[in-house]
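Working notes, structure below.
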(Lines give C-alpha, C1' and ligand atoms only; values in the text may rest on other atoms or scores of the structure.)
Protein backbone atom coordinates (compact mmCIF):
# COMPACT_ATOMS: atom_id res chain seq x y z
CA UNK A 1 0.00 0.00 0.00
CA UNK A 2 1.03 3.59 -0.56
CA UNK A 3 1.80 5.77 2.49
CA UNK A 4 1.98 9.58 2.39
CA UNK A 5 3.40 11.93 4.99
CA UNK A 6 2.69 15.65 5.38
CA UNK A 7 4.09 18.67 7.25
CA UNK A 8 6.44 17.78 10.13
CA UNK A 9 5.62 14.07 9.87
CA UNK A 10 7.03 14.22 6.32
CA UNK A 11 10.07 16.18 7.47
CA UNK A 12 10.83 13.73 10.29
CA UNK A 13 10.28 10.59 8.22
CA UNK A 14 12.42 12.20 5.52
CA UNK A 15 10.19 11.39 2.57
CA UNK A 16 6.79 12.43 1.21
CA UNK A 17 5.58 8.98 0.22
CA UNK A 18 6.58 5.37 -0.12
CA UNK A 19 5.12 1.95 -0.79
CA UNK A 20 5.13 -0.44 2.14
CA UNK A 21 4.18 -4.04 2.81
CA UNK A 22 3.41 -4.36 6.51
CA UNK A 23 3.21 -7.90 7.96
CA UNK A 24 -0.20 -9.58 8.18
CA UNK A 25 -0.25 -8.99 11.95
CA UNK A 26 -0.74 -5.24 11.35
CA UNK A 27 -4.49 -4.63 11.15
CA UNK A 28 -5.19 -1.11 12.39
CA UNK A 29 -3.85 2.40 11.92
CA UNK A 30 -2.40 2.30 15.47
CA UNK A 31 -0.65 -0.99 14.71
CA UNK A 32 0.73 0.44 11.48
CA UNK A 33 2.12 3.44 13.39
CA UNK A 34 3.78 1.07 15.89
CA UNK A 35 5.24 -1.03 13.08
CA UNK A 36 6.55 2.04 11.20
CA UNK A 37 8.06 3.40 14.44
CA UNK A 38 10.07 0.20 14.84
CA UNK A 39 11.72 0.60 11.44
CA UNK A 40 14.16 3.44 12.26
CA UNK A 41 14.86 6.39 14.50
CA UNK A 42 13.40 8.73 11.91
CA UNK A 43 10.02 6.96 12.02
CA UNK A 44 10.19 6.66 15.82
CA UNK A 45 10.75 10.44 16.01
CA UNK A 46 7.90 11.20 13.58
CA UNK A 47 5.47 9.04 15.54
CA UNK A 48 6.81 9.68 19.05
CA UNK A 49 3.46 11.14 20.12
CA UNK A 50 0.99 8.85 18.34
CA UNK A 51 -2.03 10.65 19.85
CA UNK A 52 -1.12 13.81 17.98
CA UNK A 53 -0.90 12.06 14.61
CA UNK A 54 -3.93 12.21 12.33
CA UNK A 55 -4.55 9.59 9.66
CA UNK A 56 -6.56 9.30 6.48
CA UNK A 57 -7.38 6.17 4.52
CA UNK A 58 -8.12 6.69 0.86
CA UNK A 59 -8.51 10.42 1.51
CA UNK A 60 -10.99 10.27 4.37
CA UNK A 61 -10.18 10.98 8.03
CA UNK A 62 -10.04 7.83 10.20
CA UNK A 63 -9.39 7.11 13.86
CA UNK A 64 -6.43 5.07 15.08
CA UNK A 65 -8.54 1.94 15.53
CA UNK A 66 -9.63 1.94 11.87
CA UNK A 67 -8.73 -1.17 9.90
CA UNK A 68 -6.18 -0.80 7.13
CA UNK A 69 -7.43 -3.87 5.28
CA UNK A 70 -8.03 -3.03 1.64
CA UNK A 71 -6.56 0.45 1.97
CA UNK A 72 -4.79 1.73 -1.13
CA UNK A 73 -3.46 4.96 0.34
CA UNK A 74 -2.80 5.83 3.97
CA UNK A 75 -1.69 9.31 4.98
CA UNK A 76 -0.19 10.54 8.26
CA UNK A 77 -0.05 14.18 9.29
CA UNK A 78 -0.25 16.58 12.24
CA UNK A 79 -3.49 18.38 13.18
CA UNK A 80 -4.54 20.61 10.35
CA UNK A 81 -3.86 24.36 10.35
CA UNK A 82 -5.36 25.61 7.10
CA UNK A 83 -7.95 28.28 6.47
CA UNK B 1 -40.23 72.97 16.30
CA UNK B 2 -39.59 71.15 13.04
CA UNK B 3 -41.43 67.89 12.38
CA UNK B 4 -40.38 65.37 9.71
CA UNK B 5 -42.36 62.44 8.34
CA UNK B 6 -41.02 59.42 6.48
CA UNK B 7 -42.30 56.52 4.36
CA UNK B 8 -46.06 55.92 4.66
CA UNK B 9 -46.39 58.41 7.53
CA UNK B 10 -45.14 61.07 5.09
CA UNK B 11 -47.49 59.85 2.36
CA UNK B 12 -50.52 59.90 4.68
CA UNK B 13 -49.73 63.28 6.24
CA UNK B 14 -49.12 64.59 2.73
CA UNK B 15 -45.90 66.45 3.45
CA UNK B 16 -42.28 65.61 4.31
CA UNK B 17 -41.81 68.28 6.95
CA UNK B 18 -43.35 71.31 8.58
CA UNK B 19 -42.87 73.68 11.49
CA UNK B 20 -45.42 73.38 14.29
CA UNK B 21 -46.21 75.15 17.54
CA UNK B 22 -48.07 72.71 19.76
CA UNK B 23 -49.88 74.12 22.84
CA UNK B 24 -48.04 74.14 26.16
CA UNK B 25 -50.18 71.22 27.35
CA UNK B 26 -48.38 68.88 24.92
CA UNK B 27 -45.37 67.47 26.77
CA UNK B 28 -44.61 64.02 25.40
CA UNK B 29 -44.26 62.31 22.03
CA UNK B 30 -47.54 60.47 22.66
CA UNK B 31 -49.31 63.75 23.42
CA UNK B 32 -47.85 65.31 20.28
CA UNK B 33 -49.17 62.38 18.22
CA UNK B 34 -52.63 62.87 19.78
CA UNK B 35 -52.56 66.59 19.11
CA UNK B 36 -51.41 66.11 15.48
CA UNK B 37 -54.14 63.46 14.98
CA UNK B 38 -56.75 66.00 16.00
CA UNK B 39 -55.73 68.44 13.29
CA UNK B 40 -57.18 66.69 10.23
CA UNK B 41 -58.23 63.37 8.74
CA UNK B 42 -54.83 63.05 7.05
CA UNK B 43 -53.00 63.19 10.38
CA UNK B 44 -55.57 60.94 12.03
CA UNK B 45 -55.01 58.37 9.26
CA UNK B 46 -51.21 58.63 9.54
CA UNK B 47 -51.31 58.08 13.29
CA UNK B 48 -54.31 55.73 13.47
CA UNK B 49 -52.12 53.01 15.05
CA UNK B 50 -49.88 55.05 17.36
CA UNK B 51 -48.14 51.92 18.72
CA UNK B 52 -46.72 51.24 15.26
CA UNK B 53 -45.26 54.72 14.90
CA UNK B 54 -41.58 55.24 15.76
CA UNK B 55 -40.24 58.63 16.77
CA UNK B 56 -36.87 60.34 16.92
CA UNK B 57 -35.96 63.56 18.70
CA UNK B 58 -32.98 65.39 17.32
CA UNK B 59 -32.01 62.26 15.34
CA UNK B 60 -32.06 59.75 18.18
CA UNK B 61 -34.74 57.09 18.69
CA UNK B 62 -37.11 57.85 21.59
CA UNK B 63 -40.11 56.14 23.19
CA UNK B 64 -43.59 57.61 23.18
CA UNK B 65 -43.28 58.86 26.77
CA UNK B 66 -40.19 60.94 25.95
CA UNK B 67 -40.52 64.66 26.63
CA UNK B 68 -40.50 67.00 23.66
CA UNK B 69 -39.33 69.97 25.71
CA UNK B 70 -36.37 71.60 24.03
CA UNK B 71 -36.60 69.41 20.92
CA UNK B 72 -35.60 71.13 17.70
CA UNK B 73 -36.52 68.31 15.31
CA UNK B 74 -39.02 65.51 15.84
CA UNK B 75 -39.45 62.75 13.24
CA UNK B 76 -42.23 60.18 12.86
CA UNK B 77 -41.90 57.04 10.77
CA UNK B 78 -42.92 53.38 10.53
CA UNK B 79 -40.66 50.55 11.75
CA UNK B 80 -37.46 50.58 9.74
CA UNK B 81 -36.85 48.18 6.86
CA UNK B 82 -33.38 49.02 5.62
CA UNK B 83 -30.33 46.83 5.22
CA UNK C 1 2.22 45.01 25.77
CA UNK C 2 0.15 44.75 22.65
CA UNK C 3 -0.41 48.07 20.94
CA UNK C 4 -4.07 49.13 20.89
CA UNK C 5 -6.02 48.20 17.79
CA UNK C 6 -6.64 51.15 15.51
CA UNK C 7 -9.91 50.80 13.64
CA UNK C 8 -10.53 52.73 10.45
CA UNK C 9 -14.20 53.56 9.90
CA UNK C 10 -15.98 54.44 6.67
CA UNK C 11 -19.72 55.18 6.58
CA UNK C 12 -21.41 56.30 3.40
CA UNK C 13 -25.00 56.70 2.26
CA UNK C 14 -25.08 57.08 -1.50
CA UNK C 15 -27.09 56.53 -4.66
CA UNK C 16 -24.13 55.08 -6.58
CA UNK C 17 -23.22 51.42 -6.58
CA UNK C 18 -20.25 50.24 -4.54
CA UNK C 19 -17.25 48.15 -5.54
CA UNK C 20 -16.55 45.50 -2.89
CA UNK C 21 -13.00 44.83 -4.08
CA UNK C 22 -12.16 48.53 -3.93
CA UNK C 23 -13.63 48.88 -0.45
CA UNK C 24 -11.73 45.83 0.83
CA UNK C 25 -8.53 47.20 -0.73
CA UNK C 26 -9.07 50.56 1.01
CA UNK C 27 -9.57 48.78 4.32
CA UNK C 28 -6.57 46.45 4.11
CA UNK C 29 -4.10 48.51 2.05
CA UNK C 30 -0.59 48.67 3.51
CA UNK C 31 -1.70 46.95 6.72
CA UNK C 32 -0.35 43.58 7.80
CA UNK C 33 -2.25 43.20 11.08
CA UNK C 34 -5.51 42.05 9.50
CA UNK C 35 -6.13 38.30 9.39
CA UNK C 36 -9.81 38.21 8.48
CA UNK C 37 -12.13 40.31 6.34
CA UNK C 38 -15.86 39.60 6.24
CA UNK C 39 -18.10 41.29 3.73
CA UNK C 40 -21.86 41.22 3.61
CA UNK C 41 -23.68 42.50 0.56
CA UNK C 42 -27.43 42.82 0.51
CA UNK C 43 -28.97 42.56 -2.94
CA UNK C 44 -32.43 43.42 -4.31
CA UNK C 45 -34.26 40.14 -4.96
CA UNK C 46 -36.89 39.51 -7.62
CA UNK C 47 -39.05 37.40 -5.33
CA UNK C 48 -40.17 38.54 -1.91
CA UNK C 49 -42.91 36.49 -0.23
CA UNK C 50 -43.72 35.00 -3.66
CA UNK C 51 -44.60 38.35 -5.24
CA UNK C 52 -42.56 39.31 -8.29
CA UNK C 53 -40.60 42.45 -7.48
CA UNK C 54 -40.11 44.87 -10.36
CA UNK C 55 -38.29 47.53 -8.36
CA UNK C 56 -37.48 48.66 -4.83
CA UNK C 57 -37.19 52.25 -3.61
CA UNK C 58 -35.12 53.07 -0.54
CA UNK C 59 -36.04 56.21 1.40
CA UNK C 60 -34.03 57.42 4.38
CA UNK C 61 -33.70 60.12 7.06
CA UNK C 62 -30.39 61.55 5.88
CA UNK C 63 -28.76 63.03 8.96
CA UNK C 64 -30.08 60.52 11.44
CA UNK C 65 -29.19 57.52 9.25
CA UNK C 66 -25.51 58.31 9.30
CA UNK C 67 -25.50 59.10 13.03
CA UNK C 68 -27.38 55.90 13.83
CA UNK C 69 -24.99 53.77 11.78
CA UNK C 70 -22.03 55.47 13.46
CA UNK C 71 -23.44 54.70 16.91
CA UNK C 72 -23.67 51.03 16.03
CA UNK C 73 -20.22 50.96 14.46
CA UNK C 74 -18.84 52.48 17.68
CA UNK C 75 -20.71 49.85 19.66
CA UNK C 76 -19.23 47.08 17.48
CA UNK C 77 -15.74 48.51 17.96
CA UNK C 78 -16.27 48.50 21.74
CA UNK C 79 -17.36 44.85 21.66
CA UNK C 80 -14.82 43.26 19.31
CA UNK C 81 -11.17 43.94 18.42
CA UNK C 82 -11.72 45.35 14.93
CA UNK C 83 -9.14 46.81 12.55
CA UNK C 84 -11.65 48.34 10.18
CA UNK C 85 -15.36 48.76 9.48
CA UNK C 86 -17.04 49.99 6.30
CA UNK C 87 -20.80 50.48 5.98
CA UNK C 88 -22.27 51.68 2.69
CA UNK C 89 -26.05 51.94 2.33
CA UNK C 90 -27.51 52.90 -1.01
CA UNK C 91 -30.71 54.90 -1.45
CA UNK C 92 -32.83 55.42 -4.54
CA UNK C 93 -34.62 53.02 -6.88
CA UNK C 94 -33.26 49.51 -7.46
CA UNK C 95 -33.91 46.62 -9.80
CA UNK C 96 -33.57 42.94 -8.87
CA UNK C 97 -29.88 42.07 -8.76
CA UNK C 98 -28.78 45.56 -7.68
CA UNK C 99 -26.60 46.00 -4.60
CA UNK C 100 -28.32 47.72 -1.65
CA UNK C 101 -25.99 47.52 1.33
CA UNK C 102 -22.39 46.61 2.12
CA UNK C 103 -20.89 45.86 5.52
CA UNK C 104 -17.17 45.10 5.76
CA UNK C 105 -15.38 44.15 8.95
CA UNK C 106 -11.69 43.45 9.41
CA UNK C 107 -10.00 41.90 12.42
CA UNK C 108 -7.06 39.78 13.46
CA UNK C 109 -9.34 36.79 13.96
CA UNK C 110 -12.34 35.53 12.06
CA UNK C 111 -14.81 35.29 14.96
CA UNK C 112 -14.65 39.03 15.69
CA UNK C 113 -15.08 39.87 12.01
CA UNK C 114 -18.08 37.53 11.60
CA UNK C 115 -19.81 38.64 14.81
CA UNK C 116 -19.35 42.35 14.11
CA UNK C 117 -20.72 42.00 10.57
CA UNK C 118 -23.81 40.12 11.81
CA UNK C 119 -24.35 42.62 14.62
CA UNK C 120 -24.17 45.56 12.22
CA UNK C 121 -26.53 43.96 9.71
CA UNK C 122 -29.08 43.07 12.40
CA UNK C 123 -29.06 46.67 13.63
CA UNK C 124 -29.15 48.19 10.17
CA UNK C 125 -32.30 46.15 9.50
CA UNK C 126 -34.13 47.21 12.65
CA UNK C 127 -32.68 50.50 13.79
CA UNK C 128 -31.23 52.54 10.93
CA UNK C 129 -33.86 54.92 9.47
CA UNK C 130 -34.31 53.42 5.99
CA UNK C 131 -37.60 52.30 4.46
CA UNK C 132 -38.23 50.06 1.46
CA UNK C 133 -41.10 50.45 -0.97
CA UNK C 134 -41.76 47.61 -3.36
CA UNK C 135 -43.24 47.70 -6.83
CA UNK C 136 -44.63 44.30 -7.76
CA UNK C 137 -47.35 42.63 -9.80
CA UNK C 138 -49.55 43.02 -6.74
CA UNK C 139 -49.08 46.80 -6.70
CA UNK C 140 -46.86 49.22 -4.84
CA UNK C 141 -46.46 49.17 -1.09
CA UNK C 142 -44.15 49.74 1.84
CA UNK C 143 -42.28 46.68 3.07
CA UNK C 144 -43.39 45.61 6.53
CA UNK C 145 -40.84 45.09 9.26
CA UNK C 146 -40.18 41.42 9.97
CA UNK C 147 -40.47 39.92 13.45
CA UNK C 148 -37.47 37.71 12.63
CA UNK C 149 -35.32 40.82 12.18
CA UNK C 150 -36.33 42.12 15.61
CA UNK C 151 -35.49 38.71 17.08
CA UNK C 152 -32.11 38.72 15.34
CA UNK C 153 -31.32 42.16 16.76
CA UNK C 154 -32.53 41.21 20.25
CA UNK C 155 -29.82 38.55 20.63
CA UNK C 156 -27.19 41.30 20.90
CA UNK C 157 -28.88 43.03 23.84
CA UNK C 158 -26.67 43.04 26.89
CA UNK C 159 -28.41 42.75 30.22
CA UNK D 1 -44.90 25.49 -4.34
CA UNK D 2 -41.51 27.13 -4.12
CA UNK D 3 -39.04 25.81 -6.66
CA UNK D 4 -36.06 24.04 -5.08
CA UNK D 5 -32.99 26.16 -4.52
CA UNK D 6 -30.22 25.45 -7.01
CA UNK D 7 -26.80 25.95 -5.51
CA UNK D 8 -23.77 26.54 -7.69
CA UNK D 9 -20.54 25.26 -6.17
CA UNK D 10 -16.96 26.27 -6.96
CA UNK D 11 -14.00 24.72 -5.14
CA UNK D 12 -10.45 25.55 -6.12
CA UNK D 13 -7.01 24.98 -4.61
CA UNK D 14 -4.50 27.17 -6.35
CA UNK D 15 -1.23 29.05 -6.04
CA UNK D 16 -2.59 32.19 -7.73
CA UNK D 17 -4.32 34.98 -5.88
CA UNK D 18 -8.09 35.32 -6.11
CA UNK D 19 -10.24 38.30 -7.03
CA UNK D 20 -13.19 38.60 -4.63
CA UNK D 21 -15.19 40.89 -6.91
CA UNK D 22 -14.80 38.47 -9.82
CA UNK D 23 -15.84 35.50 -7.69
CA UNK D 24 -18.90 37.32 -6.35
CA UNK D 25 -19.82 38.35 -9.90
CA UNK D 26 -19.54 34.72 -11.07
CA UNK D 27 -21.78 33.61 -8.21
CA UNK D 28 -24.50 36.24 -8.64
CA UNK D 29 -24.37 36.91 -12.39
CA UNK D 30 -27.78 36.89 -14.09
CA UNK D 31 -29.49 35.62 -10.94
CA UNK D 32 -32.14 37.62 -9.12
CA UNK D 33 -32.94 35.15 -6.33
CA UNK D 34 -29.92 36.03 -4.17
CA UNK D 35 -30.52 38.52 -1.36
CA UNK D 36 -27.32 38.09 0.65
CA UNK D 37 -23.69 37.37 -0.17
CA UNK D 38 -21.15 36.84 2.60
CA UNK D 39 -17.46 36.67 1.85
CA UNK D 40 -14.70 35.69 4.21
CA UNK D 41 -11.09 36.28 3.25
CA UNK D 42 -8.26 35.00 5.37
CA UNK D 43 -5.07 37.01 5.08
CA UNK D 44 -1.46 36.31 6.13
CA UNK D 45 -0.69 38.46 9.17
CA UNK D 46 2.68 39.88 10.16
CA UNK D 47 2.18 39.19 13.86
CA UNK D 48 1.18 35.80 15.21
CA UNK D 49 1.48 35.32 18.98
CA UNK D 50 3.77 38.37 19.09
CA UNK D 51 6.38 36.85 16.76
CA UNK D 52 7.13 38.81 13.60
CA UNK D 53 6.13 36.69 10.61
CA UNK D 54 8.29 37.08 7.51
CA UNK D 55 6.51 34.45 5.42
CA UNK D 56 4.07 31.57 5.62
CA UNK D 57 4.14 28.37 3.57
CA UNK D 58 0.97 26.38 2.99
CA UNK D 59 1.34 22.66 2.30
CA UNK D 60 -1.62 20.43 1.45
CA UNK D 61 -2.74 16.90 0.57
CA UNK D 62 -3.98 17.65 -2.93
CA UNK D 63 -6.65 15.07 -3.67
CA UNK D 64 -7.98 14.79 -0.16
CA UNK D 65 -8.15 18.56 0.36
CA UNK D 66 -10.61 19.05 -2.47
CA UNK D 67 -12.73 16.05 -1.44
CA UNK D 68 -12.79 17.18 2.18
CA UNK D 69 -13.88 20.70 1.23
CA UNK D 70 -16.55 19.28 -1.06
CA UNK D 71 -17.93 17.11 1.75
CA UNK D 72 -18.29 20.17 3.97
CA UNK D 73 -19.81 22.27 1.20
CA UNK D 74 -22.38 19.49 0.65
CA UNK D 75 -23.05 19.46 4.39
CA UNK D 76 -23.55 23.25 4.39
CA UNK D 77 -25.98 22.96 1.45
CA UNK D 78 -27.95 20.31 3.34
CA UNK D 79 -28.20 22.57 6.41
CA UNK D 80 -29.02 25.96 4.90
CA UNK D 81 -30.90 27.15 1.79
CA UNK D 82 -27.91 28.34 -0.24
CA UNK D 83 -27.84 29.66 -3.78
CA UNK D 84 -24.08 29.43 -4.19
CA UNK D 85 -20.85 28.52 -2.44
CA UNK D 86 -17.28 29.28 -3.51
CA UNK D 87 -14.22 28.06 -1.61
CA UNK D 88 -10.74 28.96 -2.83
CA UNK D 89 -7.72 27.91 -0.78
CA UNK D 90 -4.28 29.04 -1.87
CA UNK D 91 -1.12 27.00 -1.38
CA UNK D 92 2.53 28.08 -1.65
CA UNK D 93 4.57 30.75 0.11
CA UNK D 94 2.92 33.94 1.32
CA UNK D 95 4.01 37.31 2.68
CA UNK D 96 2.08 39.32 5.29
CA UNK D 97 -0.90 40.93 3.59
CA UNK D 98 -1.34 38.13 1.04
CA UNK D 99 -4.72 36.42 0.64
CA UNK D 100 -4.83 32.78 1.79
CA UNK D 101 -8.44 31.63 1.69
CA UNK D 102 -11.79 32.80 0.35
CA UNK D 103 -15.23 31.51 1.32
CA UNK D 104 -18.29 32.97 -0.42
CA UNK D 105 -21.85 32.05 0.40
CA UNK D 106 -25.02 33.31 -1.27
CA UNK D 107 -28.57 32.88 -0.06
CA UNK D 108 -31.97 34.52 -0.07
CA UNK D 109 -31.52 35.59 3.54
CA UNK D 110 -28.54 36.82 5.48
CA UNK D 111 -28.64 34.36 8.38
CA UNK D 112 -28.11 31.35 6.11
CA UNK D 113 -25.24 33.06 4.30
CA UNK D 114 -23.52 34.07 7.56
CA UNK D 115 -23.95 30.67 9.23
CA UNK D 116 -22.76 28.71 6.21
CA UNK D 117 -19.66 30.88 5.83
CA UNK D 118 -18.76 30.46 9.52
CA UNK D 119 -19.40 26.72 9.38
CA UNK D 120 -17.16 26.32 6.32
CA UNK D 121 -14.35 28.40 7.83
CA UNK D 122 -14.46 26.47 11.13
CA UNK D 123 -14.19 23.20 9.24
CA UNK D 124 -11.49 24.41 6.88
CA UNK D 125 -9.41 25.32 9.93
CA UNK D 126 -9.75 21.97 11.66
CA UNK D 127 -10.54 19.37 9.05
CA UNK D 128 -9.19 20.29 5.60
CA UNK D 129 -5.68 18.85 5.09
CA UNK D 130 -3.61 22.04 4.94
CA UNK D 131 -0.62 22.88 7.11
CA UNK D 132 1.07 26.21 7.74
CA UNK D 133 4.78 26.72 8.30
CA UNK D 134 5.92 30.08 9.62
CA UNK D 135 9.18 31.87 9.06
CA UNK D 136 9.75 34.43 11.81
CA UNK D 137 12.51 36.12 13.77
CA UNK D 138 12.29 33.18 16.17
CA UNK D 139 13.02 30.70 13.38
CA UNK D 140 10.99 28.44 11.14
CA UNK D 141 8.33 26.12 12.47
CA UNK D 142 5.01 24.46 11.84
CA UNK D 143 1.97 26.31 13.20
CA UNK D 144 0.29 24.43 16.02
CA UNK D 145 -3.42 23.72 15.89
CA UNK D 146 -5.42 25.99 18.19
CA UNK D 147 -7.84 24.64 20.79
CA UNK D 148 -10.14 27.57 20.03
CA UNK D 149 -10.48 26.35 16.44
CA UNK D 150 -11.53 22.88 17.62
CA UNK D 151 -14.06 24.51 19.95
CA UNK D 152 -15.40 26.65 17.09
CA UNK D 153 -15.84 23.56 14.91
CA UNK D 154 -17.43 21.56 17.74
CA UNK D 155 -20.42 23.93 17.96
CA UNK D 156 -21.67 22.62 14.59
CA UNK D 157 -21.79 18.99 15.73
CA UNK D 158 -25.29 17.61 15.57
CA UNK D 159 -26.20 15.10 18.23
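Just a few scattered comments:
As written, the chain order gives the labels A, B, C and D, with residue 1 at the start of each chain.
Criterion: contacts are C-beta pairs under 8 Å (C-beta built on N, C-alpha and C of every residue); 3 or more make two chains touch, one makes a residue touch a chain.
If you're wondering where the values come from, they're calculated on a predicted model, not measured in any experiment.
Farthest from chain D in terms of Cα centroid separation is B.
Here the CA centre of chain A is 48 Å from the CA centre of chain C. Look at where the CA atoms of chain B average out and do the same for chain C: the two points lie 27 Å apart.
Our note on geometry: chain A versus chain B, Cα centroid distance of 72 Å, whole angstroms. Shared interface positions of chain A, i.e. residues touching 2 or more other chains, are not present. Under the contact definition stated at the top, the residues of chain D that touch 2 or more other chains are 42, 121. Pairs of chains that satisfy the touch definition comprise A-D, B-C, C-D.
Against chain B, the residues of chain C that register as touching in their complex are 42, 58-61, 63-65, 67-68, 89, 100-101, 121, 124-133, 142-145. Listing the residues of chain C that touch chain D in their complex gives 2, 19-21, 24, 28, 31-47, 50, 96-97, 108, 110-111, 113-114, 117-118, 121, 152.
Only residues 4, 6-8, 56, 59-61, 75, 77-83 of chain A touch chain D when the two sit together in their complex.
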